[in-house]
Amino acid sequence: MDEPVTRRVVCPGSFDPITNGHLDIIGRASTLFDEVVVAVGVNAGKSGNLFSIDERIDLVQRVTADYGNVRVEPIDGLLVDFCARHGIRAIMRGLRAVSDYEYELQMSHMNHRLSGVETLFVAANPLYSYLSSSLLKEVASLGGDVAGLVPDLVLSALDERLAERRAKSA
Amino acid sequence: MDEPVTRRVVCPGSFDPITNGHLDIIGRASTLFDEVVVAVGVNAGKSGNLFSIDERIDLVQRVTADYGNVRVEPIDGLLVDFCARHGIRAIMRGLRAVSDYEYELQMSHMNHRLSGVETLFVAANPLYSYLSSSLLKEVASLGGDVAGLVPDLVLSALDERLAERRAKSA
Amino acid sequence: MDEPVTRRVVCPGSFDPITNGHLDIIGRASTLFDEVVVAVGVNAGKSGNLFSIDERIDLVQRVTADYGNVRVEPIDGLLVDFCARHGIRAIMRGLRAVSDYEYELQMSHMNHRLSGVETLFVAANPLYSYLSSSLLKEVASLGGDVAGLVPDLVLSALDERLAERRAKSA
Amino acid sequence: MDEPVTRRVVCPGSFDPITNGHLDIIGRASTLFDEVVVAVGVNAGKSGNLFSIDERIDLVQRVTADYGNVRVEPIDGLLVDFCARHGIRAIMRGLRAVSDYEYELQMSHMNHRLSGVETLFVAANPLYSYLSSSLLKEVASLGGDVAGLVPDLVLSALDERLAERRAKSA
Amino acid sequence: MDEPVTRRVVCPGSFDPITNGHLDIIGRASTLFDEVVVAVGVNAGKSGNLFSIDERIDLVQRVTADYGNVRVEPIDGLLVDFCARHGIRAIMRGLRAVSDYEYELQMSHMNHRLSGVETLFVAANPLYSYLSSSLLKEVASLGGDVAGLVPDLVLSALDERLAERRAKSA
Amino acid sequence: MDEPVTRRVVCPGSFDPITNGHLDIIGRASTLFDEVVVAVGVNAGKSGNLFSIDERIDLVQRVTADYGNVRVEPIDGLLVDFCARHGIRAIMRGLRAVSDYEYELQMSHMNHRLSGVETLFVAANPLYSYLSSSLLKEVASLGGDVAGLVPDLVLSALDERLAERRAKSA
């Protein structure tokens, strides 16, 4: 090994909104690599997003502000192109269930074939292994208590947004 | 980010013997981290080993000699203790099937709990996704052709060892 | 153990329509607990329902009439709130495939976290292990024979409804 | 065994468009059976088709022209009815991931129950184990290079169709 | 529903030794049923037991003493015969990984066929989802800290037994 | 297609003893191919065999006697060599659980690589999906009733053998 290389990793997702499960993965990535880029997907997911791209980026930035080596960027288009532009050689993904694993494996092979970028999987923290943004939103929208599953400022944003929606549909 | 940190990763296994599947993972680790330590298990696996610990280390060293940042060490005892002694914060493991995944997840959680060390999983190269040292030895011992599944010098060592065994049992 | 407690369990679902697979689970629940509450989801599933909430409840009531301890209720909102209102401490779910299992596990953890309610899984009867309401409707709508997979009165209701649909779209 | 029977097998799918993964399965089927019927689904998949039924049939015919015993047919309605009409006793399906496997198993049991037709599963070629028509289209539409994953003439058709779409939406 | 029935459930295992994962399942069973019978397998597991049948029963009894409705019994022979003798209609099992699930499903079907006894599965507490007695013993025997994974009195017994073994083999 | 080819398939296993699950697969193979060769493994399984190779072959022959196109042969060595010697281009395997599937997939890829032989998987009959020779022997040896899971003449042979064993160990 010659001169030092900056080791960068990307954590991609839609983060609608960021949960404690996401935050756990980002924090672990930040201890293993020199820089972590959180790539927030511009496009809406299957059932539309609750928060806009700007709101989602803002929430991620605020809850990761304490990490010195985390940066947040929007992403539009192929993840491998994003990696090439940002000098990133590895993607980090949290794994929960087996079904996650298979979809992720498929994407990992495709991304490796497209550009040689590697995907590193880490086991989700057992405390959040059942947690996804979509389940979180479903439970919260039906009045379930999701405190402890998202950072406090995300909880406030979520409550506010769901109240707006209820007001609108009333 | 302050001063540069040496990013080290460990690839543990029994390597009895090292296959092209193992080598693929080690090579990929060597591009992502500053140093790769291959930790070869001293203890025999379930059905005894075909090669001694010294032979297994020697084979790994010879087939990884071209990588400038790969080092081979014997390991005895807990992997987390090995990591602590060598200043390693991450374990890298190749994943093949779902059953792999679950056992590895279990070990990953236990190791994280014991010492905070992280386990990074990468998808096995599809070409070697069906390959394990034990299947390799079973096929080779029944006379099947395993060229292309192990480096050439491992193939020679394997043929020689199996011929010795046949001579003995004759 | 002091005074006798009434042991209640809930079998939730959309039952659009109830199949022999559902009926098998409900029957088994009825032998293990003092009371079984079948909770029929008010909201339409992903692709709309074939039967209205009243029709679905009616069909469930008619095919479970012989069990002395089964009650049918509509459900709207969180299942854990329904359980709290009805004094229910356990949810019973039939498991078919691995993918079922993982989704169900996720919901089970979330529900346990929200209120302490337990989810009890039972293995689907092998005879109905490949059966779901959506596959049933797909096959029946293409003219496949589904007798034996649903109770007779459900079969009649299904045939009638599909005939109506065909008449409308003709 | 009396007089020789013509052994026919069907490879069903939407083939939107046919990939090298599909072609691998069809080629293997053609060596095991006397005749292979490729059944191309008339109806659009979940997210609409990129190619019309005639275009999809045409592409399959052109890339399978060299096999002497492959025939291409449109299919509408139940696969078991198609099998009955064409004197087919077995369906051949490639398997990739575990989630594939479970859905396919469910369909296999249902089809066997409906008519006694058997489903034969073969392991997808590891080289294409991560490949699906939908992932292919997603990657290609975002500008990723998919050469080597589809036959050359399919690649041209795909490029042309995606260019048309881009022109339209511009 | 006529007169009250005593609802009994059995938690079977080898408990060599009992872990916090086992204890979590037993505790949850004790809130859902009138009586819980913990059935401790007399026969040694695959790799021999660390504790004798009497020691294992004693440890289970001491750590479940606070539950008013838990009873501990040795079991030898078929679980369904044990259930018949003790008037038990349901087995309760904790589920961790998918591989657990499939073995357990197989046993569940066989037991149901043999005697009609039902098996109720509950999701393991995420905190202990990676924990098994065999992994626990492996880690502890290599000097890993397993405090928090077993009740304190089990930890003492484990330390003592492993010290005896080390003394013997020295 | 020129002159008719004899389509042969092999059903390999240790058949210690043959169960109704095995018989179901063999029967289905016999309707799809011109000839079915049942290959009975000479070597003992992991925990030793209950029946000798001659006894196992004899039982398979007697329960498949009614099929006109089934032949039984001992197998020793690589399955692909057996296939080459007998002019067989396909292996047929029944699939039960996901864990089966992954091991079988691994073997399928290895066998395809060694000789081009194909493996065709069929879904186990749901009625026998939980059945294996080893579970059968375990249950029978503990006195469980396994009638209906094996052909009658296998049941007699099994009862006799287990009685001999009990007499010996008494």
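Think of it as A, B, C, D, E and F in the order they're written, each chain with its own count starting at 1.
One rule holds in what follows: a contact is a pair of C-beta atoms (placed from the backbone, for glycine too) under 8 Å apart; a residue touches a chain by one contact, two chains touch by 3 or more.
Just so it is clear, the structure is predicted and the values come from calculations on it, not from any experiment.
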Touching chain C and also chain F, the following chains: D, E
Most remote chain, CA-based centroid, reference being chain C: B
Rotation in the CA alignment of chain C with chain E, degrees, nearest 5: 180
Distance between chain centroids, defined by C-alpha means - chain D, chain F (Å): 31
Whole-Å gap separating chain B and chain E, where each centre is the average of the chain's CA atoms: 35
Chain D and chain E: spacing of chain centres that average the CA atoms, whole Å: 48
Interface hub residues of chain B, defined as touching at least two other chains: 98-99, 102, 105, 108-109, 126, 129-130
Contact graph of the chains (line, ring, star, complete, other): other
Chains that touch, pairwise: A-B, A-C, A-D, A-E, B-D, B-E, B-F, C-D, C-E, C-F, D-F, E-F
Chain E-facing residues of chain B, complex: 77-78, 80-81, 98-99, 102, 105-110, 113-114
List of chain A residues in touch with chain C within their complex: 96-99, 129-132, 135, 139, 142-145
Chain A residues touching chain B - in the complex, by the definition given at the top: 1, 4-5, 7, 28, 31-35, 68-69, 89-90, 95, 98, 101-102, 105, 108-109, 112, 118-123, 126
In the complex with chain C, residue positions of chain F that touch it: 98, 126-127, 129-130
